[in-house]
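Presented below is the structure to which this report refers.
Labels run A, B, C and D following the written order; every chain starts at residue 1.
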Amino acid sequence: MHQFDSPNEACGAFGICVPGLDIAQPTYSAMYALQHRGQEAAGIATCDGKTAYIHKGLGLVSQVFNEDNLSHLHGHLGIGHTRYSTTGSPRLSNTQPYILETLDGPLAIAHNGNLINAPQLRRKLLEGGVGLSTSTDSELIIHLLASARGSWLQRIRQMMAIAEGAYALTILTRDAIYGVRDPWGLRPLVLGELENGYAIASESCAFAPIGARVVREIEPGEIVRIDQEGHKIVQGAPAEQAAFCTFEQIYFARPDSILNGRLVHQARQALGRQLARDAPIEADIVVSVPDSGTPHAIGYAQESGIEYSEGLIKSHYIGRTFIQPTDRQRKFGVAMKFNPLPDNLRGQRVVLVDDSIVRGNTCGPLVQLLRDAGATEIHMRVACPPIRFPCFMGIDMANQSELIAAQKSVEEIRDHICADSLAYLSVDGMMNALRSENGYCNACFTGQYPFETPVLELELELKEKEKFAGVLGGS
Amino acid sequence: MHQFDSPNEACGAFGICVPGLDIAQPTYSAMYALQHRGQEAAGIATCDGKTAYIHKGLGLVSQVFNEDNLSHLHGHLGIGHTRYSTTGSPRLSNTQPYILETLDGPLAIAHNGNLINAPQLRRKLLEGGVGLSTSTDSELIIHLLASARGSWLQRIRQMMAIAEGAYALTILTRDAIYGVRDPWGLRPLVLGELENGYAIASESCAFAPIGARVVREIEPGEIVRIDQEGHKIVQGAPAEQAAFCTFEQIYFARPDSILNGRLVHQARQALGRQLARDAPIEADIVVSVPDSGTPHAIGYAQESGIEYSEGLIKSHYIGRTFIQPTDRQRKFGVAMKFNPLPDNLRGQRVVLVDDSIVRGNTCGPLVQLLRDAGATEIHMRVACPPIRFPCFMGIDMANQSELIAAQKSVEEIRDHICADSLAYLSVDGMMNALRSENGYCNACFTGQYPFETPVLELELELKEKEKFAGVLGGS
Amino acid sequence: MHQFDSPNEACGAFGICVPGLDIAQPTYSAMYALQHRGQEAAGIATCDGKTAYIHKGLGLVSQVFNEDNLSHLHGHLGIGHTRYSTTGSPRLSNTQPYILETLDGPLAIAHNGNLINAPQLRRKLLEGGVGLSTSTDSELIIHLLASARGSWLQRIRQMMAIAEGAYALTILTRDAIYGVRDPWGLRPLVLGELENGYAIASESCAFAPIGARVVREIEPGEIVRIDQEGHKIVQGAPAEQAAFCTFEQIYFARPDSILNGRLVHQARQALGRQLARDAPIEADIVVSVPDSGTPHAIGYAQESGIEYSEGLIKSHYIGRTFIQPTDRQRKFGVAMKFNPLPDNLRGQRVVLVDDSIVRGNTCGPLVQLLRDAGATEIHMRVACPPIRFPCFMGIDMANQSELIAAQKSVEEIRDHICADSLAYLSVDGMMNALRSENGYCNACFTGQYPFETPVLELELELKEKEKFAGVLGGS
Amino acid sequence: MHQFDSPNEACGAFGICVPGLDIAQPTYSAMYALQHRGQEAAGIATCDGKTAYIHKGLGLVSQVFNEDNLSHLHGHLGIGHTRYSTTGSPRLSNTQPYILETLDGPLAIAHNGNLINAPQLRRKLLEGGVGLSTSTDSELIIHLLASARGSWLQRIRQMMAIAEGAYALTILTRDAIYGVRDPWGLRPLVLGELENGYAIASESCAFAPIGARVVREIEPGEIVRIDQEGHKIVQGAPAEQAAFCTFEQIYFARPDSILNGRLVHQARQALGRQLARDAPIEADIVVSVPDSGTPHAIGYAQESGIEYSEGLIKSHYIGRTFIQPTDRQRKFGVAMKFNPLPDNLRGQRVVLVDDSIVRGNTCGPLVQLLRDAGATEIHMRVACPPIRFPCFMGIDMANQSELIAAQKSVEEIRDHICADSLAYLSVDGMMNALRSENGYCNACFTGQYPFETPVLELELELKEKEKFAGVLGGS
């Protein structure tokens, strides 16, 4: 899937406790590995058992942090956050971790996900006399924790009892780091072990750079506490019907992470193999839309016996281009990111495999690119079902009106992108490949949300929130 | 008084309501006029009766704002703030106005002053489950207002009932702007009238650039509300024994402001005249330490009949110099800011008049400068009494150990600065010139604070606060 | 004269040689004192007898330099430059000193002034195969020096033989610093002496902060060389009829500098006294347009016997305001910079003294300001003649069409600014006060330029240059 | 090859002429495609037949340019440059294109390569009275052109007659764009054709995004001129023994570019196949060091019949990390850029294919990474010969002392990186795969340079240049 046609993940969270060690540098390394979960802003909060320290800013992890500011983040306890914002221009005030002073010492949180009853929680807090300074769900969570009573564990449980939606949290207190996963398990969270301590991360790929190894994934509704004593996992709220986000498997998570017990790269190859079984075609080569479609394409090639070949080279220079496409450029837009390898394509019947199609605005130019490079037939294969419904659980999927599959039939899409054939993986096929019948949230494909809240109402509330964002906007 | 030897004012506040007009531009103009009350940061919050808008940043008013960001600040209601920070490096998170969403719409405040029972208020809020994100008094005030019950007027009264110390506030709500002055009247606040609306400012100098005229000064303990209906002044808390800050008259306020019913420039000339009566000397010319000592020097010249003459030229290029003084530079340090006019000084007996002496580290070099330029005698005259005690009500006076008059006798100071004679104005003389016997806070001269809180305890608490500032530090 | 109505000086130059000392810090201090001659950019080049070092940038001296970058500027030889640009947006590529490698080691120059035969010199260099990268006169000078033959002294003489116009230069080579003043003496240059070395500066005010004292002013056509051996002054080109810029005396130079043997502050008081003799008026107080008009006003008061009084307070907060004046603001524009002191003005007949009027766009609002504050009569007195002609020798005087005195008679101007009376100093009166009959360039008053080049032709060439500036524009 | 172990290409050049079209936007697109040839700085110069325009800055193409500054670059003629600097901190003054005014209008150049007789050319220019402001070869070239006589074609020929070394140039004049390739053909240059014009680029990958197609590569010693009339190719200097840089084929060029008549991706697969023939091994899977080693690995897999498998995932987040490796981090350094896929590696005998080894500091950690992930044997295969000699023709290869193959035997390297076996491609094998016996410069492998200049002397001169760079350093 091309970056101009991709859903946007909302945030990566991390937490660590290594008694006796200043953990700012390993936290930096881990967040660098979670960079794919948010490129807009980054932050780290630490605590030495007494005082808390924080630094955050707009930009990539490597832009926000340097040796100097890391050196001021003392302590053996730390959490980190990488952020992708879903609305408007990036704001420093929305950057996480959030931090507050409380009667029980500093409290900081890093949050990945999206609450669906935010308006209700918002009202509850305001009625309690708590003033709010941003429009984010994450600020609600930290104030719910701050205004609750009892031990931190008790407070977290109180928060879980009323917060509905997606949340994978890392929480810093004076004495410990907590990891919390919502009862549906919508967003991932995993526990790791270092030589002398423990870490918690949105994805296990954060562990390799700090020499940690996976202990186990945090299960829906669980709370993990890591401190000087070690780690302890308790149930924070009863697990609901599991609804792990399928899109983490298909696209978001890094291929070297482990999700639901399996390496993501393996899961994607399995999706490709399933796709080959479900939508076979006679062709000469299998080509991927790099980089995200590559494991699926390799799986397709393995299962189909058709040779895998590099047909498209992707430029990896990041840096948002500020140039608006002119007529001239629109024609060559995709060509700035992808270059075909004509020698591999000339005269070939090509299976072009991508992980997913969201808006569908890059498939057409890509098909044309291959055809211009000499491909005689182009058969598009997509390793997930058509995306027809918006996500309210933390993924910026585009509005429903922008989702091409919500507007067009498969045949119409095929026609639109000028492919010789087009096939998607079915929901059943996808679930089969992911070795699960019911543990996943497939709402974006099926419209069946894990919550009862009607979609239209949700959309309305989201709009309210955006309006509110304007109320307290600023730099 | 030289900038390197000056107490630092903590902040300027402004508020305005002009129905039917976008007030961002006049607010900008007014804050530009209040720039002398804080050069570290500036901010404006506005409201159109429904939505609030805010922009703030580090730097001068003219650096923080431009046409573009002003154009986004809609509405007929607005408050503004210029900030001088008293501790450590400037932080964006401490920049005002503070703004919160509440059940009754947006709430924003701009605060000038310092609370003396902040630790108690802090604890009270934390015990109520409110998490705090900064170590400022101003955040306490906004949360006290947000967590109180009833109308805004009722909430302000509740806040005034428990907050002790100096506060001149402008408060923005959905429907009105409020101005609040503490019961001691420590910091100034004045009401003005425009063609179709009203404004509130720390000083009346903010009115000229927006075409407003003074209605009257807000009295200790009063609350003024300005809205679509006009203005209304009520008593918010019983007035205490008036304790208006003498230093506003002597140094802080702009000479074209009106304080206690008189133009500050006039008050300063009166101080100079009193000084001439109390500490006469035979001399040829009166020279001021520009710019702040000039009105006092003119008063001295008028009363004494000795000719006023320009003897020192001051460079007005702002821009903190980052260069640490080397041995060589320390010798010439003052010479970078002041240049003598030898033709006016050669062979003259000089009365050198300054408004005040704080640390006393620039008087010596200035005396030397005049002597090198040919002055035969230099008689230093200071238009206020020796400063011997720290301020806990919003002025960054330096620690007591840094106050030269707390460490040395007048004769020792004279010797230290190598003047031929040195005289200060007495407290009685000062009060006489200011036409008041008891309405002023002279704690920095006398050690008699308007509150009962023992000084040492206060200092301890201030130190605690600084430490806490570290707890939640960050950018 | 108000900053919005002021001609702009083009640059300050400085040079220093102190054997055995790293001169970066004294150079910084000296440039800080020359800041009034250019706020757009600043730069320092140094040499340790072998290698040259340079740092320059856009902004004030205190913004461009810090301890770190100064610490990299090694050597006992140095030159510095502060720049005011006359056209368009500031460009880093136009920032001085310019520096080149030559066969005889590094060569750097700092230039104040403007050549009038730049197009001819430009052509000569281009014909010689030298490519030029900017449109500045200063680049022409450095290339003329680089492409000449012989010793540096010989090269400077060759350059002086063909360059016509205003130039005060400091030149850095491997072994010495040179100071050069054009044969007309249009721009000032003065030699100073430190404990162990020498310095050269546009104005003597640069000497005080570095502990230097004036040796003597460099005369028209002279070259001074300072090096390990001391200093040596030689004639570089025959002196022409002296044509020192009157405006340096009236407005540009700092009052504590010495020009033509007299303290500038004294010269300005003398201009004010002459003005009182030439244009007396019955009045109650003399008020200045601060700060630049103050010495003239004091002189006027001294001579006329009318009391000098502060009537206008000027805000010294620098920082260009980006806000375009709206109708509302135009009315209050001047009020943001000047505030009247009504108590001093009420019921008074005022003589308002300014050093000069260029465009005339601030006098009117100032007169109105005084009148609103209660002045009953306002008599404007200007301490120089009407400015009617543009300057081609380094001062950005505005186009002739913008000069109010080139468009209106004195009576029309009086009417325009709504003063009760208006009088200018005459050319003869001015020359009398400056104790000189013919040593000054009064072209901006009289249209008699020190060069034969017809004005219109010059204007044409200047336009060509501006066009050319576009040719090689950039960042 | 890992970025921390890669030679650095010095620059990409581009030129374009499309009569009637403003070419700033296509130039931007083309430079975006040449971003891999230099990420330090970028610039564009254009000309509309009369006036030249330029914008350049430090950073990526997408950072330096935006719609606003592109809109000021008028004209149908343009050149662009992306820069990689070889020494010290990036400097704006070294950013290209360089531009000069000459008697024949504007002249600008974009240069890729390195001259080996720069010191001689430098002296020649200085002796001619031309002052130089940088230490770059490129400034020498533009001044050689500016100071030469005759038509631009004649001047280019004069320059070619005396410049020795590597240079691929694009040159902008008032009427035409020129492309110039040195007589040895060391650096690539290719001509393309658009609908209504022509373009010249370092690599053909720049053509796809602007809708151009390859006409032909510029041959050694050729000059191409493109203008309103079309294009014309002439011989500028006699071709020398061809010495095209092998490293462009192996690593630098983008895989979708055409070099020496063949798609680079194909050439790299051919190198991998040759490697499989020359250094076979019994193994289970072939794994590449992504991304640059992937085509070679695919070629190896194809020829050997061993399955190609993804074993390492590379993070594509650019952004130099400022964090110095601590002991802890050094251990995990490579792990921040590469993540293994254990499921693909466990129990496997792995052939690890990389395109080249320079310093050898990342191979060891990579081998360890694979072993930790479960690989039982790791056989390193390198698709070029050992690099033993420095490059003086434009590639920043590291000093000879840093080249691991200059210090250690193949067996010692194998031992150093802990591989089970290690084999390099031979020079003969490489030339065979590249279908050439003598057209390449293999100096870095063989020490046989295309010029007679002894290596040691060159190194000395390079050091001189670096020292000189210090002489004229700055911002």
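Throughout what follows, a contact is a pair of C-beta atoms (placed from the backbone, for glycine too) under 8 Å apart; a residue touches a chain by one contact, two chains touch by 3 or more.
Keep in mind the model is a prediction, meaning the values are calculated, not measured.
Chemist: What is the chain whose Cα centre is as far as it gets from that of subunit D?
Modeler: The most remote chain is B.
Chemist: Return the distance between the CA-based centres of subunit B and subunit C, expressed in whole Å.
Modeler: Centres of subunit B and subunit C (C-alpha means) sit 36 Å apart.
Chemist: Counting in whole Å, what is the centre-to-centre distance of subunit A and subunit B, each centre being its mean C-alpha position?
Modeler: 50
Chemist: Give the residues of subunit D that touch two or more other chains, as numbers and ranges in rising order.
Modeler: none
Chemist: So that we know how the chains sit together, what is the shape of their touch graph: line, ring, star, complete or other?
Modeler: ring
Chemist: When you check every pair of chains, which ones turn out to touch?
Modeler: Here the touching chain pairs work out to A-B, A-D, B-C, C-D.
Chemist: Show which residues of subunit A lie in contact with subunit B when the two form their complex.
Modeler: 45, 51-57, 92, 98-103, 106-107, 123, 126-133, 135, 142-143, 146-149, 467-468, 470-475
Chemist: Provide the residue numbers of subunit B that touch subunit C in the complex, in ascending order.
Modeler: 25-26, 28-29, 32-33, 35-36, 39, 60-63, 65-67, 70, 205, 208-211, 254-256, 263, 265-266, 291, 294-295, 298, 308, 310, 313, 315-324, 326, 328-329, 331-332, 335-336, 339-344
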